[in-house]
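Structures follow.
Look for chain A in each of the two complexes below; its partner is chain B in the first and chain C in the second.
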Partner chain A sequence: MTTNRVTPWLLVAPGAVLFLGLVLVPLVLTGVLSLHGYNHTTGIQPDFTLAHYRAVLSDDYYLGIFWRTFRIAALTTLICALIGAPEAYILSRMRDPWRSVFLLVIIGPLLVSVVVRAFGWSMLLGSSGLVNQAMQALGLPSTRLLYTETAIVIALVHVMLPFMAIPVWTSLQKLDPAVEAAALTLGASPFTALRRVVMPQVTMGMLSGSLIVFGLSASAFAIPGLLGGRRLKMAATLVYDEYMHELNWPLGATIALLVLIANLVIMLAYNRAVEARARRTLG
Partner chain B sequence: MLKNGPVALLFHTLVVGFVLAPLVVICLVAFTPENTLSMPWRGLSLRWFRAIFDHPDFVISFQNSLLLGLLSATLSVAIAVPAGLAIDRYSFPGRDAINALFLSPLIIPHLVLGVAFLRLFALLGATGDFSWLVASHVIVVTPYVLRLVLAALNGLDRSVEAAALTLGASPFTVFTRITAPLILPGISGGWLLAFINSFDELTMSIFVTSPQTVTLPVRMYMYATESIDPMMAAVSALMIAMTAAAMVVLDRIFGLDKILVGQR
Partner chain C sequence: MGFLALQSLTKRYGDFSAVQDLDLSVGKGEFVSLLGPSGCGKTTTLQMIAGLVEPTSGKIMLDGRDLTHEKPNKRGLGIVFQSYALFPHLSVAENVAFGLEMRKVNRAARDARVKDVLALVRLTGMEDRYPRALSGGQRQRVAVARALVIAPPVLLLDEPLSNLDAKLREEMQFELSRIQRSTGTTTIMVTHDQAEALSISDRVVVMEAGRMTQVDAPYRLYENPATAFISSFVGKMNRLDGVWRQGGADIRGVQLPCAPSEMSENTPTTFAIRPEKIALCATGSGQIDGTITNAFFLGDAWLLHVETAAGMVAVSMPNRGEEPARAGMAVGLSWPPFALRAEGPAERPS
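Let's look at the complex of A and B:
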């Protein structure tokens, strides 16, 4: 039976080596890079310093961008929950073939490139775009939508909606529709049945969906890049600018790592809170 | 069976409209005969589709993306199938850690992966090298394949394999004749999902591509930040059509809802 101790290692070895070399090593190298000094004429310095972390965490310019990133990601998450959860519930009450058709319509766009979807929204929201034309037809003043935070949030909601709808849908699949029907037969009002039977299931899906949506929105690149213009930066577009335009790689690495750390901290804290909640409500 | 009320159906209609609006607008504008981004109110034209071929950079980046997607999807299957077998079939020290390592690219923002790869490639002197670009895409798409392979192995009836072994088949024959065909839908679904994810990837690729290896999404992003004409709509419409075709195939072989809704 010695082969059984070796076989699994042989099977995972190629992948494991690749992943260690191309996930862990680059992350460590980036961590080291963020500690190197930077000089605009001579480039990356060999010395080690925490100056970039100090600069990023004390400068109002960077803090403003972090705050905007957090604000936009939080708002996107909230709107996705308010749209995605009821939509998943409505889908779960449909009959086939409508149910499968509309499930595909809601989650299918996930497979369409983000660049394509961002471009679609920039056409819709542009100054002569359809949204403005419709508003003028209704007698409303034309408003500048493109290159505003509103445009970023609208497009982010569009991109993130499947990530909210999917977990809510999955948790609703675990709910036997007969339970809701039973609650109604036993005299519960539709509202009570919704609140006491459906909501606890939906909430679990919503909580895990929120985590995904928040994390992806906070590090989104294409949407703020194409719909926020040059001035409205978010964390990811800031990193890109530091790398490609300022050429200050150590500073860019610092910001990218702060995004990663914030992401992981929020994920762990949130998971702990959700687990505690699940223990309380489900016993 | 409970039914949706009129309010629910109205809400549903609005959501579906919201989801489809940008895609529909792209597909309409792609057929415009005008010089500007406008709806094709006055007849349809294919001129912007033809215009794509006057931009060799778009054609080249399309070829880059296609090759990149084919290679990285195939390599990720080559990694994920044995790894999935090991994780599903054996208990060995570090199994959970290995599994977490393989799935880690799902929780690391692509932005961070992009700068991390850029640093590694710069130190190796491999910036803009196509094979390293493939390697970086393999990292990003392998988790998707692994999840589907694990799901397929999980749903497999082990007694069929046991029967084949009892009847004298070698372990290799059991794998090629029994196991592989049974998990083939998972593998092919994973391959296609990996291909689509690689083909669409922007945030990481924009850091690690060079002018020679620019992928289609990166090219489109660069183009859209500088100028916007209906050709972008034509390229986008083609990508939507490709995705829709892939969706139909995915749906046939595995059930799209199963793949996207996913089960760990």
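Let's look at the complex of A and C:
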């Protein structure tokens, strides 16, 4: 009897320790840190205060960066859905040698470091990069692309696409091809069949894809760091600067926690809205 | 020419012919089954009619209109897929209404039609359920309703009952036949179950390796199978090799009366008789005597294996409530004249 009671605890222990040690403890420490005062001459104070929260939430500079982070993450998610879903559909319609080849093409970028890819984009988008050279050759005025939000979104979409395409592809795999054929035989045009029958059934895949893409984009560090430059900051680069350049760790911790909370709220709300509908029908 | 006509319809995949020169004419309101073993091309045939598989050659005519190259969404045929293929994200009523919606039928007329058809398949009250909350039989009826609601000229059913258990399957067979008769829809049903094909169709088309080998009414198909394959595929058959001699059968030296045939004298011949045509009688009073080696009880019938001078013969007799015979008993076997038929030349001379 006693072993029966202990066994479950022993079984969950490794996972629980890992979770506690690597997620909860640092999170709690960050929370505590964010409540300490800070003085530029003496450093972190032993007292507790909500001053950092007040400062961040009332400063347009920080709110502007939060808003930019949210905008870029949302735009990246939208573009990834627009490109990734059709990409996955085309992939699911391919015959076998090609399907494996193109699946590899989609996953391939994941095998290259994000930093390397960000440098690649900065070379392409730079003022004398390939894109600008091509535009000049076509007689168009050269435009500043590097260190703009556009550059960040382009690079993020490139990095995040597999995270959208693969969940959608997985849910397409589960689809009975006869269901689409049934819609056709009932008089639906191929486009209507796609819109009315295939699309609703891959919502779950698109939902999980969107959550992954949004979460990763909102907390992206290397890409905004390398393609946004010093001026164009996103949440993660802002936190980094507070810690490493300003040395104001409590303020950095406050921003990190606020971003985490905002991210959680947005994702949960989104999940609720879409999933509630999809769950009811698809089970 | 019939209502729906297939003219030398052929489908090739590379060198392999899935369907070869199929000629079939189906009358208006007729219920036709495509029967054959797995892989003989039944689904391919049905999908060519539906427009989901492009024929390599041949023609499909419906009521004088050439359908061969028409897109599936322009053909207007009703199809029930083997997997039912219901829309999982739509309710029963929305599933059934889909075809009407595509035809731009207005809301009120649509609702009325859906209600009627759901009543026809006995699903009234299930309108708001989703497919995953239905039993197999109910799903199948939704699939039938969805195909029927557009009032298709032809209803195509691809093994619609193969996922059901034996009892439900029998119920659904009669249900399908009832619905088909009450709507008068021309129906083609694919099946590999001979009992299903025989029980509910007006005519049965037997297919073998992509070719049509016999088209006949169920009773005639059962009584006069055109090939040895059909006789063994449709129902059970005893087969005895012997020689055609003096207008009768000579099986291992035993002379037996046989239905007339065009065999020439002394040809090695395979003779065939159905197990249920044979009755037990007292030894010496039937056509042949033998000993029961095995008696299998099947519930509604007994299946006996009887060892005779002509070889092993299977006999099936209805269960009348008494134990008829035990292994080891000596019995006589009798059958109506002509129940034994010469099926064709023996594969190997005896």
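One rule holds in what follows: the second predicted complex is superposed on the first by the 258 of 283 C-alpha atoms of A that agree within 3 Å, B and C clash if a C-alpha of one lies under 4 Å from a C-alpha of the other, contacts with A are read in each partner's own complex, and residues count from 1 in each chain.
Keep in mind that, in the parts below, contacts are C-beta pairs under 8 Å (C-beta built on N, C-alpha and C of every residue); 3 or more make two chains touch, one makes a residue touch a chain.
These numbers were taken from a predicted model, which means no experiment stands behind them.
Chemist: I want to verify the contact counts: of chain B and chain C, which reaches more residues of chain A?
Modeler: B
Chemist: Figure out whether A:Gly64 sits in contact with chain B (first) or chain C (second), or with both, or with neither.
Modeler: neither
Chemist: Pick one for A:Ala236: touches chain B only (first), chain C only (second), both, or neither.
Modeler: first
Chemist: Looking at A:Gly43, would you say it contacts chain B, chain C, both, or neither? Reply first, second, both or neither.
Modeler: A:Gly43 sits against neither chain B nor chain C.
Chemist: Applying the touch criterion given at the start, work out whether A:Pro14 contacts chain B, chain C, both or neither, answering first, second, both or neither.
Modeler: Only chain B; A:Pro14 stays clear of chain C.
Chemist: Please work out whether A:Val23 is in contact with chain B alone, chain C alone, both, or neither, and reply first, second, both or neither.
Modeler: first
Chemist: Output check: A:Leu33 vs chain B and chain C. Expected answer is one of first, second, both, neither. What do you get?
Modeler: After superposition on chain A, A:Leu33 lies in contact with chain B alone.
Chemist: Classify the contacts of A:Gln201 with the two partner chains as first (chain B alone), second (chain C alone), both, or neither.
Modeler: The answer is second: A:Gln201 touches chain C but not chain B.
Chemist: Under the stated touch criterion, which partner chain does A:Ser189 make contact with: chain B (first), chain C (second), both, or neither?
Modeler: The second partner, chain C, only.
Chemist: Taking the superposition on A as described, I'd like to know which of chain B and chain C A:Ala181 touches: first, second, both or neither.
Modeler: It touches chain B and chain C both.
Chemist: If you lay the two complexes on top of each other, which residues of chain A touch chain B in one and chain C in the other?
Modeler: Touching chain B and chain C on chain A: residues 181.
Chemist: Going by the contact rule at the top, pick out the chain A residues touching chain C in the complex.
Modeler: Residues in contact with chain C: 176, 178-179, 181-190, 192, 196-197, 200-201, 278, 280-283.
Chemist: For chain A, which residues count as touching chain B in their complex?
Modeler: Checking each residue of chain A against chain B gives 4-5, 7-9, 11-12, 14-16, 18-20, 22-27, 29-30, 33, 83, 86-87, 90-91, 93-95, 100, 102-124, 126, 130, 158, 161-162, 166, 169-170, 177, 180-181, 215-216, 218-219, 221-222, 225-226, 235-236, 239-240, 243, 249, 252-253, 256-257, 259-260, 263-264, 267.
Chemist: Under the touch definition given earlier, write down the residues of chain C that touch chain A in their complex.
Modeler: Contacts found on chain C: 50-52, 71-79, 81-83, 85-91, 98-99, 102-103, 130, 132, 146, 150.
Chemist: Report the residues of chain B in contact with chain A in the complex, numbered from low to high.
Modeler: 1-4, 8-9, 11-12, 15-16, 18-23, 25-26, 29, 37, 39, 78-80, 82-83, 85-87, 89-90, 92, 95, 98, 101-102, 104-105, 107-113, 115-120, 123, 135-136, 138-139, 142, 196, 199-200, 202-203, 206-207, 217, 220-221, 224-225, 228, 232-233, 236, 239-240, 243-244, 246-247, 251, 256-257, 260-262
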